[in-house]
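Next come two complexes, and both contain subunit A; in the first it sits with subunit B, in the second with subunit C.
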Partner chain A sequence: MSRTEIIEKLKEILLAADDRNRDKVAACTEESRLVADLGFSSVSMLYMVIAIEEEMNIRFDNVGASDFQTLGDVVSYIEAKLK
Partner chain B sequence: MEQKRTNRAKLFSPRYLVHDFIKATAAIPGLIWMRPRWIFETKAARKRIRGGALLIANHYGFFDPMYLMFAVWYRRHHFICGKEFFESRFRWLFKQFLCIPIDRANFNFNSLREITDELKKGSLVSIFPEGHINEDGDNLGAFKSGMVLIALQGRVPIVPVYVKPKAHFYNRVTFVIGEPIDLFARYGRRPSMSEIDAIAQELQQKEEELKQIAYQKRR
Partner chain C sequence: MKWLPGDPTPGDMVRVQIGSIFHYGVCTGDGRIVAFGLPPVPAYAKSPDRFLVTETDMDVFSTGRIPEIAVLDRAERKKRIPPEETVRLARARLGEDGYHMIRNNCEHFAYECVFGERKSLQEEAVFRMWNTRPVLNVYLAEADRFSLDFPLPEERKREIDACSDRSVKQARIANWALLRLAAKHGFSQDPDELVFTRRKNGGWTCNRFSISFSHADGLCCAAVSNAPVGVDLETAADITGRFGADKLEKLRARCFTKTEREAYPETVEGFLSCWTRKEAIFKASDKRAFSPVKTNSLTDRAVTFTLLAPRTPIVSVCSEHAAFSRLFRTDGTAIEPILTNEPVHF
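Let's turn to the complex of A and B:
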């Protein structure tokens, strides 16, 4: 799975997760900051991780919510897990 | 087919030896001191909690975990507590009392798995959704929505409990037990974040109702 495909999949997951900030999610890039730009809270971060684990069949091990600052960090983590 | 959730915790196990011994030893002095009174919201709330469940309660003081152990006395509680408690010299005691440490500053996803695994095994996990001791007297603080995700992931019902502490040493402690709320049965899927926030508010409202019951029935 390429980085572009991962980010598209992530957008899909985020749009299904929360319909309150559709515009922000639709326009997000790898540089988008999860808290400052996308308005993530610790719970929405958890929600995203659960959804990714279920949809992409991977496990987030030994990482915490603040280990991911941007969407690119999440993409890199997923990319490494899928290899 | 959904696997039936049962409480598989053994009645006697070396793991629970210290926990059960302290609980049994403290039972009579605790009952004399608290003279607890149980009020059940409905007939369904009167039924004993079997299998995995997430118990939520208001948090007024340091002794609230102890009150909860009396409120639902027939089950062993796994409490979720800050990891700083596990860094103190009482680490051993917290471990014996089946506490699950979480890092509040940087929530580790393994902690979520540890909590949901306990729930899936059929354990009772107790949590204070306000997230900290409420300094604002009788007013409930805002509930954090993380508990909703935990219950959904563990596929267990949420049991709201209100503890009305003693105002004076001669008062009784009142426990109001609410009806279990099975979110998984209600949604059958993972709700969206806005629905989860709405559920957290609904649970806070429920806790307010239980509080009203506790104060109405004051003698």
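Let's turn to the complex of A and C:
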């Protein structure tokens, strides 16, 4: 899976969780910051992690995932897990 | 200054111990003492001179107890008013009233007659106790009530300016506005005199007390305490619908210990009670990384407030002063306690 494919999958997951920010999610890039740009809360972060695990058949080491600052950080983590 | 038993000479500061407090006066000669108020003993409880500057015999002043005389060190002897002037000053104030047990008492009077400045070690002890009392206040508000019309630490201002999500930006501004209210309300501190620094875990602290922030679903909260503090806020309304029962169960399995899974109900409220406690505990710690499953929420150091619908805010706060936690709501001006909800302990 390429980074572009991963980010598209992430957008699907985010929209399924909450479609109130449809425009923002559609326009997001790897540089988008999870909290400051996308308005993530800690629980949104949890939802994303669980949904990614289900959709991509991977397992996050720490479900708290407080290390992720940007969407690119999440993409890099998934990329490494998929190798 | 040392206190020793003995016979006072004119201008000496004298005291007697009555229970746990001291009664102070100034010797004016010939066994006479000027003091602010009569000794606090039942014999003088109804005397009209009870709270006036009064000159009495040593017997009245000491009420049968052993008087002690202030023995001044060299610096104090240089600083003191000449004894004859002390006597004159004390007698010039005979009949004065305005006594206050803490702010204007017999010790203030005697010290002022001897040194020309007001001081009371007993007052200082009372304020020391007051300032070190356990404080843990949590303030909750709607985030849209606040605007950025106050100074911020430069680093935080840059972060808020760079925030493109409007609700996060507004909540962060509101959190700092709440903190300013909390500084005045909880600690009688001028918020402009506070110095803020970043903590290891990314949170903030200030030079006078500990602080913690959280926001969710249009609400914001700030916690202040004189012990390390962490606070976390979520609303059940924000989560309901987003998490089906299957995902909630997965999260419980991934985030909670076995004991926690047994302790908290399998509901959104139950999940958020545990989750917010874990976050609050992490924020109160100096740990850099948050590991939910390794953070034990079942501790007396954390308290959870579950408020009422429609949004059902759930606020958890962690501090060694958790037992003293108080929750307030504010509209940005008035602050009122939230009394109807008792802390929920697990």
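Observations on the model:
Definition applied: the second predicted complex is superposed on the first by the 80 of 83 C-alpha atoms of A that agree within 3 Å, B and C clash if a C-alpha of one lies under 4 Å from a C-alpha of the other, contacts with A are read in each partner's own complex, and residues count from 1 in each chain.
One rule holds in what follows: contacts are C-beta pairs under 8 Å (C-beta built on N, C-alpha and C of every residue); 3 or more make two chains touch, one makes a residue touch a chain.
Note that this is a predicted model, so its numbers are computed, not measured.
In the superposed pair of complexes, A:67 makes contact with subunit B and with subunit C alike.
By the document's definition of touching, of the two partners only subunit C reaches A:35; subunit B does not. When the shared chain is aligned, subunit B and subunit C each come close enough to touch A:43.
Once the two complexes are overlaid on the shared chain, A:20 sits against subunit B while remaining clear of subunit C. Look at A:58: by the touch rule set out above, it reaches neither subunit B nor subunit C. Comparing the two interfaces of subunit A, the one with subunit B and the one with subunit C have residues 17-18, 42-43, 46-47, 50-51, 62-64, 66-67 in common. Residues of subunit B touching subunit A in their complex: 103, 105-110, 112, 144-146, 149, 153, 190, 192-194, 196.
Residue ranges of subunit A in contact with subunit B, taken from their complex: 16-20, 42-47, 49-51, 60-67.
The touching residues of subunit C, counted against subunit A in their complex, run 159, 162-165, 167-168, 216, 232, 234, 238-239, 242-243, 247, 250-251, 254-255, 272, 275, 279, 289-293.
Residue ranges of subunit A in contact with subunit C, taken from their complex: 17-18, 24, 35-39, 41-43, 46-47, 50-51, 62-64, 66-67.
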